[in-house]
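Provided herewith is a single structure, encoded as structure tokens, for subsequent inquiry.
By letter and in written order, the chains are A, B, C and D; residue numbering begins at 1 in each of them.
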């Protein structure tokens, strides 16, 4: 199995993990930048992540056109291309409607990091409202590059951008870091919501977040997460050929 | 398999989906208007939706009398007939006690749409209190056409009507739209409740709701939901003969 | 299978349902009055309800002494005897630590009925604090008849009594009514808690509760619940010999 | 099977229970003091608790060095050694990120005992903030004995210490008591959070907590819990050789 095949295998595992952990349901999607062609990315055809297999992965150009596939694509694939275009260091992107982050997308209260397991989310989570630029008659979806680029601008140098009334998109250097963050982001939101009810609370400091983010994805404690989520998602048999989301 | 048989198959799938997604439990029911006889509808005999099969489906007249079946019927079947009677464009109706919408049925705070996945619910969700017209000695159930019609009047041109201390009823042009809405309505309620705790929040605008509702049920992204929920509900084998809830 | 054997079968089903629906875990128990000997009751030996089978059921006198069994008994069996002693019309008793009713047991806010499915709980739910009579050095458990009788006095003519920092006990004329109420009581508590957050709310009226409680346990809509919960709990095969919790 | 082997079997069961009951996920760990060598403890290699088997258990000295094993160890094993060092009566230690206790770790509201099932947590739960002594540039983890000892000092004579933005560590004389407490601590936190929303509430008194903690782990009602959680966790077959967590 060559490097591309192993990367595709890990993308399948990521799809299954995100489904199992309720980050995505029928909707939501995850991609990786093509390991050999930085101006292409790999993303499933229009399919619920829980059912994605190797054969469903399509190669796209950054503008969202498939290289050679004619099967229906996700309407919102432009989220992925726009982030890869704006952020050369990014190799993995996810888009999700995870329920527990939605309240923060429609509120003036910022989503901040209070739980160490979620520190990959960073200290600042911007909110993007599609109506600010595209007005009141959108279906809220990111359905072209112009909208994708506007969202990517709102994301800026951060890891996560909330999308008002819709969900979030997030970006990471690697797939494991992205998956781990996406799994723990809703948990962080629930903890924050509960703590706010009790009054004053203490968030992680920027120093702590910076220090934590020095973890290498290949370290045993990071791989422990990948193995755990993959096995829970029924992908234990795919671990032998996995790159570990690295 | 003819069109009626395929419609009945989809109604069975809808029953199973609503059970799996906790929209109904032992109680609650879903119907479709008869595809060839607009003054008849199809609804299971008195049975928990999780266990419904083709043989359980009964044909009813709009007034709630079965055409030729003698098995016990749902006490509240009048909900269905009254809505089909009042709304000729409606082809699918659901009644549910979904826990997360109940708080809004007994509160003065209106349930509004804050999550794009729930936009089929519309901008306005009226509350119907059976006691307003039928007094303090009902069992809260809609057990005759008079009560059904009163509830249908409260529903008006909307998609969802909350029933005080009881649940909700909802109506759609087609089964997939109805099922999708019923699955996401409780999620929308939870998100709204959490957002309200943090103060001011932004709902979907009427323009956004209108724009979103232009999605055709046959589109790949809509069918993706039908396939996802059906497979989760253990009905994957019924998809080959499904009309896709269209 | 004779009547006693069928009653014992239903008690086994009730144990499994309450475990499956998270009303009990390792702790909590359910009993019935002996169908032929009104001064005896039937209750499992000390065992988690999920694992109870016919052979685990022990016959007790109302004072909590087993008729002829030497296996360890539940420490709190006195709850059952004390209620059967005080309330001749009662034939089924449950004790539970269900999480969602606990907040009301330690609060000054009364637990009232807001959801029609929970109307068997009645309009008034008293709270019993063991410390009021037995002081500060108890382990909070009801471990003798004196404590059981004090709790039964607090229950009075009601269906449910909350036990401060501990759980609840409840009583009904029949097993199905008891199980149904125990399943829906925590749901009612969650709905009430959510509604209270939004301000004013409307509870079921006493007239509505009275009207609803006229349902006969043998009616199809009541049996639908028994069948649903029994099948979910893996007891589908026991339904053929079931009395339906009546 | 000798005593050490049976103790190791129980440690495996404890790992599986804590995973099944969502006290740990990919992260978190549980140890016992070596039954024959009080200055050694037994803890899995770096592995998600759900997957731990006998062969994964490593013997450590109190300073966190393995006696003879070279497999990667948990980064935070120093939590265990530091507690065993400070508290000779303690024979079991757990570290967890359980979501529902996190809000209390970042809040000024103390976590107190309101549910009798959680009384092993004690009347006082201190919070330890790693930043107080180790500043703003830690990764929040306890990665050496100095940090472990500082945390153990904050724990003092109590059972549980919350770790700000991170989780909790807890200590008990025996494994069953520890597991039971760890399972019920998050439930107690949820109940407390809900009760606080309604205003004033009543916690367990110190007398009640003291009285409850006289339960012997070998008593039938305590063993009932061990059996229940072990069977739920799929370890029913290991119960025959179990010491019952005693």
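As a working rule, contacts are C-beta pairs under 8 Å (C-beta built on N, C-alpha and C of every residue); 3 or more make two chains touch, one makes a residue touch a chain.
Values in this document were obtained by computation on a predicted structure and should not be read as measured data.
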{"item": "Superposition of subunit C upon subunit D: rotation angle, C-alpha, nearest 5 degrees", "value": "90"}
{"item": "Numbering shared by both copies at the subunit C-subunit B contact, with half separating same from different", "value": "different"}
{"item": "Most distant chain from subunit A, judged by the mean position of its C-alpha atoms", "value": "C"}
{"item": "Euclidean distance of C-alpha centroids - subunit A vs subunit B, Å", "value": "33"}
{"item": "Distance between the centres, which are taken as Cα means, of subunit D and subunit B, whole angstrom", "value": "46"}
{"item": "Multi-chain contact residues (two or more partners), subunit A", "value": "197"}
{"item": "Pairwise touch network: line, ring, star, complete, or other", "value": "ring"}
{"item": "Pairwise chain contacts under the document criterion", "value": "A-B, A-D, B-C, C-D"}
{"item": "Residues of subunit C defined as touching subunit D within the complex", "value": "25-27, 46-48, 50-51, 72, 74-75, 97, 99-100, 102-104, 106-109, 129, 131, 135-141, 164-166, 193, 196-197"}
{"item": "Of all residues in subunit C, those that touch subunit B in their complex", "value": "114-117, 187, 190-191, 194-195, 197-205, 207-208, 210-212, 214-215, 220-221, 224-225, 227-229, 231"}
